[in-house]
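In what follows, subunit A forms one complex with subunit B and a second complex with subunit C.
Here is the complex of A and B:
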């Protein structure tokens, strides 16, 4: 990776921190500590289940919202503030700008998720007073959530490279919802016939598959996640994010910035 | 080459490669996660809770669960499984989310009730499902028909079957077959003609291709059962007349007991065995047979249903 990409990425990270993105951690900490105390008193036998489900869902939703709302502004904000022209007047290529922005936001989200993960484990320890071997699967679920962040960040960047921030947010959020039902979509496609089947299957394979990246329910029930699935999901998320980034680069390369 | 052109070529190539790779990876992930989505049904198995959680989008969620139910049963059937534990909960969730989804009740009557391997072997749950449907759709004759169908075919409770058909016959928009079925239940319960009439009605009134195909398979099986019974009776009559068994069906034709070589519903000629029994040529193509199969014949784990047309 070129030094310029690293530089843009670190600047994006610093900017996100300056924008008080990490303040969401306070809300998350309040949510988790409140939930831990509450479920400790009202749930019988399912405290761990509730804390894991609630905690991981909150990590996922907080991250997705941040990824979409920061991601859609990464390009447009630079254009509005006219800082993009300063950057591109230096020996920085457009693709480096896009890739750097992606890594900067991805880094922010990873740091954010790691802090939230600490909160989840603290709440888990509070309700069950000990850790157990199956808690390690919670880490796998968190890892999958981070993979989701990579995909959604790349999509937000892709949409922001050609659309307005509002529409980009709508597109990215819609794709997140559709991707959550990706397996059902492929099921629907399987019930159709002829050319409709081909078209529907094609569309179902193009949308991101977030359903395979969501193992919150199964890890809450202490079910292990297959190693092969971890590997496949990792490669899939990286490939999909790369694909969306390539699209963003292609569009941004041709965009008239005058 | 201009740097911008080089970037375009590299990015385009990468995009195509990544797109192809992502589709291939998804197929791998799908194989690794066979049934994973359905496993989630176990986590939230309460239809009422799901209805509340759907935030008013219960129609859409019902469609999702309906698709899952069809996929679940189809996948399991294809793999020759004998356990269909999730079919009933999936259909119950579907119909709770959308109590007017008639096709789900029809599917339940045709695939939840019948014995394994053609169905899930849970007629009692199928009865509950259809009764739930009747409570929510009291003006649908089709549900009374399905209820009578389960009582007749699977539970052999002819009184309850007769009552179901009679109740359905009272509806203003009822089908012409309902009063006939009610009368037949009372008079001729258990005979082959009644069963045939039921499967023909199912075939003619359903829009679900799976249900249609299932009905055709059963009609074929009934036809074979009837043919074999008739042919074996003719063979016995020939033996009475001549004192020996016929060698071929031509002997029966020559003895004026029949007109030509008989064929099964798929067009294959029947086989006359040396001991006078009659068998079909390809029993695997004719599921649900009760007669006409070779001695010791074990049907395939997955019933081979005929194409709808």
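Here is the complex of A and C:
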């Protein structure tokens, strides 16, 4: 990787940290502490299930919100504030800028998710006083959540490279919601015929398949995750994010920075 | 170098060959709007070149095209003999945008360190260069202060620091005096002269003509996207219509001077007269006859401002007619 990509990524990470993005961890810590104490009192025998479900869903939602709301401003904010002018007038290629921004935000989200994972395990230990072998699947669910972050960050960057922050947020959030029901969309496509079938099938394969990346419920029920799924999800997320990133680079390369 | 006398060995630093920019404006029915008509211009290495024009003339568009921020509709440009998007070329230039804004969560030191990394400054030299450049622009005491606490003038100084941090061969400044107080403007002028003495080329856009007149070897005047004039400041401000200015001690205008058609003004105990160069000897003889003490006799030179206004007038008049 180019050194300049690393410098831009580090600066993006530093910006997120100094803009107090990681303050969401405080809200998360309060949520997990409250949930662990409350669950311990009201649920009998399903404490672990509730804590894993609640904890991982919170990790996912907090991260998605950060990915969208920071991601949509990564390019447009630099253009609006003209900070980009002093970067691109140096020996920095436009693709290096986009890729650096992507890794900077992805790094922020990974660090954020790891801190939150510590919180989830702490709550889990609090309610059951021990860890068990099936808890390792929580890490797989967490890994899939991070793969979701990579996809949504690349999409936010893609929209940010040609659209206003508001529209970018709408597009990215809409794709997240539709992607969550991607399997249902594929099922619907199978029930239709003619042109509708073509359109529904096309849409089902274009939107990111977040439903395949969501194993929170099965992990909470102590069901293992197939190795095949880990591999296919990894390949899928990396290919999808790379394609969205390529799209962002192609658009940004042609853009006049007025 | 001043006055347009360049050494034959001087290399072309910037070569603009018909650079042109047309934007499409409007939401539904897009109409072309010409921001810059084909521009041909070359700047020699080591000179201070002023790019003058009123607001909206096309100065910033030209600079953005040279920096690779905006793509030209037609034409091309070379900087130090290299294409404008060549990273090797970009490592050798510095750029200060108009009204610069920087990452305000960084300190001045962190920002310059970041820009040093992007410009390829060696890690062992980076800290020293950052310290030196901040001292040079007068900000050594606020190195560790976040930029969000900086005034507009201080940000302008940081902007100049980032443009010269990596010791570039050519420095592009877009309105460098904007936002600076008189002392700050003086310091920037001195800095630009220092850069010239170090052998660097300075290309700067401005609409403050006194700055250009004081600093530039050559200037180009641009208006409504069109190059109106280019040349050495001394040539552009040369004698006007063969007139001379004569100043002498006294408070009464001799009748002979009026007869020669002199335009006289009395200020305190001195009189200033502007008259045709051909009447010079007769005027001097008249003053000697009256035993008046002559203070100076110089050819009248137009100021850059007068020249600038003259160059802009036809189009402004035309714009008035169309309105």
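Following the convention adopted for this analysis, the second predicted complex is superposed on the first by the 258 of 258 C-alpha atoms of A that agree within 3 Å, B and C clash if a C-alpha of one lies under 4 Å from a C-alpha of the other, contacts with A are read in each partner's own complex, and residues count from 1 in each chain.
The rule is short, and it goes like this: contacts are C-beta pairs under 8 Å (C-beta built on N, C-alpha and C of every residue); 3 or more make two chains touch, one makes a residue touch a chain.
Only a predicted model underlies this, so the values are computations on that prediction, with no experimental measurement involved.
Trainee: Specify the outcome, clash or fit, for subunit B and subunit C once both structures are aligned onto subunit A.
Mentor: fit
Trainee: Scan A:243 for contacts with subunit B and subunit C and give back first, second, both or neither.
Mentor: first
Trainee: Just to be sure I read the superposition right, which of the two partners does A:82 touch: subunit B = first, subunit C = second, or both, or neither?
Mentor: Second partner only, subunit C.
Trainee: Looking at A:139, would you say it contacts subunit B, subunit C, both, or neither? Reply first, second, both or neither.
Mentor: A:139 contacts neither subunit B nor subunit C.
Trainee: Given the touch rule stated above, what does A:212 touch, subunit B (first), subunit C (second), both, or neither?
Mentor: Only subunit B; A:212 stays clear of subunit C.
Trainee: With both complexes overlaid on chain A, does A:30 touch subunit B (first), subunit C (second), both or neither?
Mentor: Neither partner.
Trainee: Touch test for A:166: subunit B only (first), subunit C only (second), both, or neither?
Mentor: Touch status of A:166: no partner.
Trainee: So in the superposed three-chain picture, is A:114 touching just subunit B, just subunit C, both, or none of them (first/second/both/neither)?
Mentor: neither
Trainee: Touching A:61, do we find subunit B (first), subunit C (second), both, or neither?
Mentor: A:61: touches no partner chain.
Trainee: Classify the contacts of A:93 with the two partner chains as first (subunit B alone), second (subunit C alone), both, or neither.
Mentor: After superposing on A, A:93 lies in contact with both subunit B and subunit C.
Trainee: For the combined overlay, can you note the least CA distance between subunit B and subunit C, rounded to whole Å?
Mentor: 8
Trainee: Which parts of subunit A are touched by subunit B and by subunit C alike?
Mentor: Correct list for subunit A: 93.
Trainee: Would you pull the subunit C residues touching subunit A in the complex into a rising list?
Mentor: Residue list for subunit C touching subunit A: 23, 64, 67-71, 87-88, 90-91, 93, 95, 97, 99-103, 105-106, 114-115, 117-120, 159, 162, 172.
Trainee: Give every residue of subunit A touching subunit B within the complex, in rising order.
Mentor: It comes out as residues 93-95, 181, 183-184, 186-188, 190-191, 205-206, 209, 211-212, 217-218, 221, 226, 228-229, 232-233, 235-236, 239-240, 242-243, 246-247, 249-250, 253.
Trainee: What part of subunit B is in contact with subunit A in the complex they form?
Mentor: It is residues 3-4, 7-8, 11-12, 14-15, 18-19, 21-23, 25-26, 28-30, 32-33, 36-37, 39-40, 43, 64, 67-68, 70-71 of subunit B that touch subunit A.
Trainee: Which of the residues in subunit A come into contact with subunit C in the complex?
Mentor: My answer: residues 3-4, 7-8, 11, 14-15, 18-19, 81-93, 254, 256-258.
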